[in-house]
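The next block holds one structure in the form of structure tokens; read it before the comments.
Chain naming follows the written order as A, B, C and D, and within any one chain the residues start at number 1.
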Amino acid sequence: TTLHVRYLLSLGDDALVYAQRLGEWLTHAPQIEEDMALGNVGLDLLGQARSLLTRAGEVEGGGRDEDALAMLRDEREFRNVQLVEQPRGDFAVEMARMLWFASYQCELWSQLTSSADETLAGIAGKAVKEAVYHRDHATQWVLRLGDGTEVSRERMQAGLEAVHPYVAELGEDHEAARWAAEQGVGVLPSSLTDAVNAHVSAVLEQATLTMPDAPRWHARGGREGVHSEAMGYLLAEMQHIARSHPGATW
Amino acid sequence: TTLHVRYLLSLGDDALVYAQRLGEWLTHAPQIEEDMALGNVGLDLLGQARSLLTRAGEVEGGGRDEDALAMLRDEREFRNVQLVEQPRGDFAVEMARMLWFASYQCELWSQLTSSADETLAGIAGKAVKEAVYHRDHATQWVLRLGDGTEVSRERMQAGLEAVHPYVAELGEDHEAARWAAEQGVGVLPSSLTDAVNAHVSAVLEQATLTMPDAPRWHARGGREGVHSEAMGYLLAEMQHIARSHPGATW
Amino acid sequence: EEHMAYFDRLVQDDQRIEPRDAMPDAYRQTLIRQIAQHAHSEIIGMQPEGNWITRAPSLRRKAILMAKVQDEAGHGLYLYSAAETLGVDRSELLDKLHSGRQKYSSIFNYPTLTWADVGAIGWLVDGAAIMNQVPLCRCSYGPYARAMIRVCKEESFHQRQGFELLWTLSQGTDAQRAMLQDAADRWWWPALMMFGPPDSGEKAKEGHTAQSMAWGIKRFTNDDLRQRFVDMTVPQAIKLGITLPDPDLRWNEERGHWDFGEIDWDEFWRVLKGDGPCNAQRIATRVTAHEEGAWVREAAAAYADKQAARSAEGAVA
Amino acid sequence: EEHMAYFDRLVQDDQRIEPRDAMPDAYRQTLIRQIAQHAHSEIIGMQPEGNWITRAPSLRRKAILMAKVQDEAGHGLYLYSAAETLGVDRSELLDKLHSGRQKYSSIFNYPTLTWADVGAIGWLVDGAAIMNQVPLCRCSYGPYARAMIRVCKEESFHQRQGFELLWTLSQGTDAQRAMLQDAADRWWWPALMMFGPPDSGEKAKEGHTAQSMAWGIKRFTNDDLRQRFVDMTVPQAIKLGITLPDPDLRWNEERGHWDFGEIDWDEFWRVLKGDGPCNAQRIATRVTAHEEGAWVREAAAAYADKQAARSAEGAVA
């Protein structure tokens, strides 16, 4: 796999895996409006994933389409950050995850609209609008939960603490990203971190919440296909039917 | 599939699927001794499943071995009762399930030691001793939990209620069982029910627990491959690696 | 009196009753019950299909399915809003759903066992629902009629997607075709039951049909709608290359309709009364989501109150 | 005094100290800490492998793996019993594990990512453990030495099973061979770290090695054991047709040993102090199981008390 393909996969797998986790929320959300909203975010991310994986397959030139890449790769070939693969927690954990992830995606996509990979630039142009909506949605909920009841403030703070060790990985300058940044195809993840943190900090302050302390441990390795143990179960569920019918069209 | 094969699969799938659920307990049991004990019961059932599926493959005569039958069949081809596929509940639910299932297996295997299918008779001869141990283990725990603390009595009673709608299916005279009973290969499930109920009732009485009322709904259809929605996820997990490497040897 | 005369005239002239209009209490209660049951069916109906979102075999199908389940949530919301125009509120209706005092369509008490079931629900269940619902677009109660127009448009889209999913299976591998046939075998009869028990011929005087027709809520009998559904669906089954599990199914040249066999109404009543494969599970899933979400809804309400107080303060200052 | 002289003589004569014998408090504390850490490692070590029980690709492998994880539970129990002979009890030790006051082998803070990791744990992790543990079969403290004899027997069986699993992969498909190589790449260095930091040469005076050797608890330095492990394992890797991720690995004819590269001790200390991929998860899983089981253990205790009271009554009557 070339670094270009790996870069596209890192973006696409983030979107795909988070869409998969959000899909689990449908019929389990705290209110029906939220089933719809989480479904919407999931659908947007799934759309991004489909375009990105399709583009990765094109660049790779080996005839793999979005489904071959989603359904027939093994765990060690997935390049998403560990943040998105973590099992569904409570609604506060989800809003903490979404706030950070969407804030990261806002910065990412707005940079990538001028990617030298024109297909990627096109994807970014659409995705940036989606990410702004996702960030806004998460922001509204973090405010409501942080500045809502005593119970919700505690749970929201706990949600932030639970998610925080997985955040730094979004800003890691992995090999494919460094290559992509040099080529003008991509952007250095570390260059986005300040803006992401600024947005999140501002939201937390308004929400009367506290930014978690630097975590004792933080996730690493997702970009090289080293995942947490939750990932294998996610893939088992996602791929089982497709793997059970080799060569079938759906 | 002939009725003989289907009968063997019904026995083998019960054991396999329950072994799979018990395997989930390891590292989650209430004490380390119980990790061992639940592992033991799971291992015994897995051993029964392997022998039974191997025998089913032989009778079928199509070259399918235990792994082909376990890993490459689709949900609708599994013939276990829905009791064994239900997701892991708390320890009381598990002991309720084990008490009923092992009581059923005790009666079943002691009858099948004289099966006209000599391989099956051999399997039964070994399995009956195992089932007696499993039933005894569950019995001891139902007594401890029923006649333990107030909390444990309540949870044990709730466990019985949760499991009860799935019990009647064990005594259902499905087509393959009727054939097998006629041929002297098997036994009519309904003929075991009184003895099973007698054992369970005696345990519950000693444990100061109450036999649940006849349930409003009871499970049916497992023997014809109609399962509950939990089954697909169980199979996804169980089969994913095997399905991901077609033709591989492990 | 005068009000009721106005109501009767509107119904007779096939005009719409609006929330501000006076209406007989029995009319109001019938509508509340029917609209609530319809809304509940959308919400509970998300579960059997939602069961396949994480396992859809292609990303395109996953996207279609997520969008569909999301649409159902939307339909539920319109319908609860329509019910609210009659003077009840959503949380009250949800309580009745959760405690079993109001029902939802019994079809959702069957499990989805294979991927083909997702297609079968689109094709048969949405197909039957549309057949029931299209006449409701002309229902005498305005808000319900308008909600139905939107719902029907989206549902007929879902129905076509379901058929297309099955069509793809029909062109696929042996395993895919077997999956398709199996799904049709399991969903056919429950789909026919969706129209409700017989209410024509001798049975015309039992049940609510006559009154609902007089009020302009119902336009056709259950039996009429069922026949239309069979007539529409059988040719589609033929196109899919599958059989339907009814030995009595045959074209009746004389009637110009498809004859079909006896429906097992015992099963219908059994499942309706709670003895269906998923009744307990569907309600438990719904109640758990609702209870686990209570702290979130409370927080949102508390925050809204604080915001309102802050802007009131601002206005005063 | 006299007691201590007896203790010293026993140690000097390479005899076993038994629970009833007097022993220096520092000896007792060292043993408690070491045996507890060893027991905890067995219990926590069930998790990375337990992760694969439900997904094992064949039923034979599933059975082997379940039996292995179960054996580890058994080892934990013997070892807690051995520790209890020194005057502590299991629940106290578990509390220390759960609250982070006692450690377990840091190797179990790495995740198992593929099926080959199950084999790699058997081959490398159990292999290293055995290398550490065989000398403990002659440890000066009798109950520990005897527990170790049984543990070592079972572990060498596990080690062979792990190698055999990997051997099967090495004879398999490209994907299986890649999985094998990847697992070796990830587990090699953590396995070498299992012997602990350098304690020979200049480092001989730091750490506990010298005292433990004087007490007959430890027989070889960490570095000696590590070298033995490398010497045993490299030929097995060659047999498996894989490379090991160390460019400095080469046979040293002069020393009669395999030379190997610098170990990243920063990583070792980092993971030991909590910054490993699974530290938090391993403890959380363990604590959850323990807390969720509290009501069961309480019920068992209450029942035992009732039974005891009943038989006491019976005896009186």
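Assorted remarks:
As a working rule, contacts are C-beta pairs under 8 Å (C-beta built on N, C-alpha and C of every residue); 3 or more make two chains touch, one makes a residue touch a chain.
As the structure is a prediction and not an experimental result, all values here were calculated from the model.
Listed by label, the chains touching subunit C and subunit D alike are A, B. Here the spacing of subunit A and subunit D, counted between their Cα centres, is 37 Å.
Residue positions of subunit D with contacts to 2 or more other chains are 55, 175. Counting partner chains per residue, subunit B has residues 74, 232, 236-237, 240-241 touching two or more of them.
The touch graph of the protein chains shown belongs to none of the named shapes.
The full set of touching chain pairs reads A-B, A-C, A-D, B-C, B-D.
Touching subunit C in their complex are the following residues of subunit B: 74-76, 165, 216-221, 226-229, 231-232, 236.
Of all residues in subunit B, those touching subunit A in their complex are 74, 232-233, 235-237, 239-241, 243-244, 246.
By the touch rule above, subunit C contacts subunit A in their complex via residues 43, 46-47, 50, 53-63, 66-67, 69-70, 73-74, 76-77, 115, 165, 168, 171-173, 175-176, 285-286, 288-289, 292-300, 302-304, 306. On the subunit B side of its complex with subunit D, the touching residues are 16, 20, 23-24, 26-36, 39-40, 42-43, 46-47, 49-50, 53, 66-67, 70-71, 90-91, 143-145, 147-149, 151-152, 155, 237-238, 240-242, 245, 247-250.
Those residues of subunit C that touch subunit B in the shared complex are 48, 51, 55, 111-114, 175, 182, 186, 273-281.
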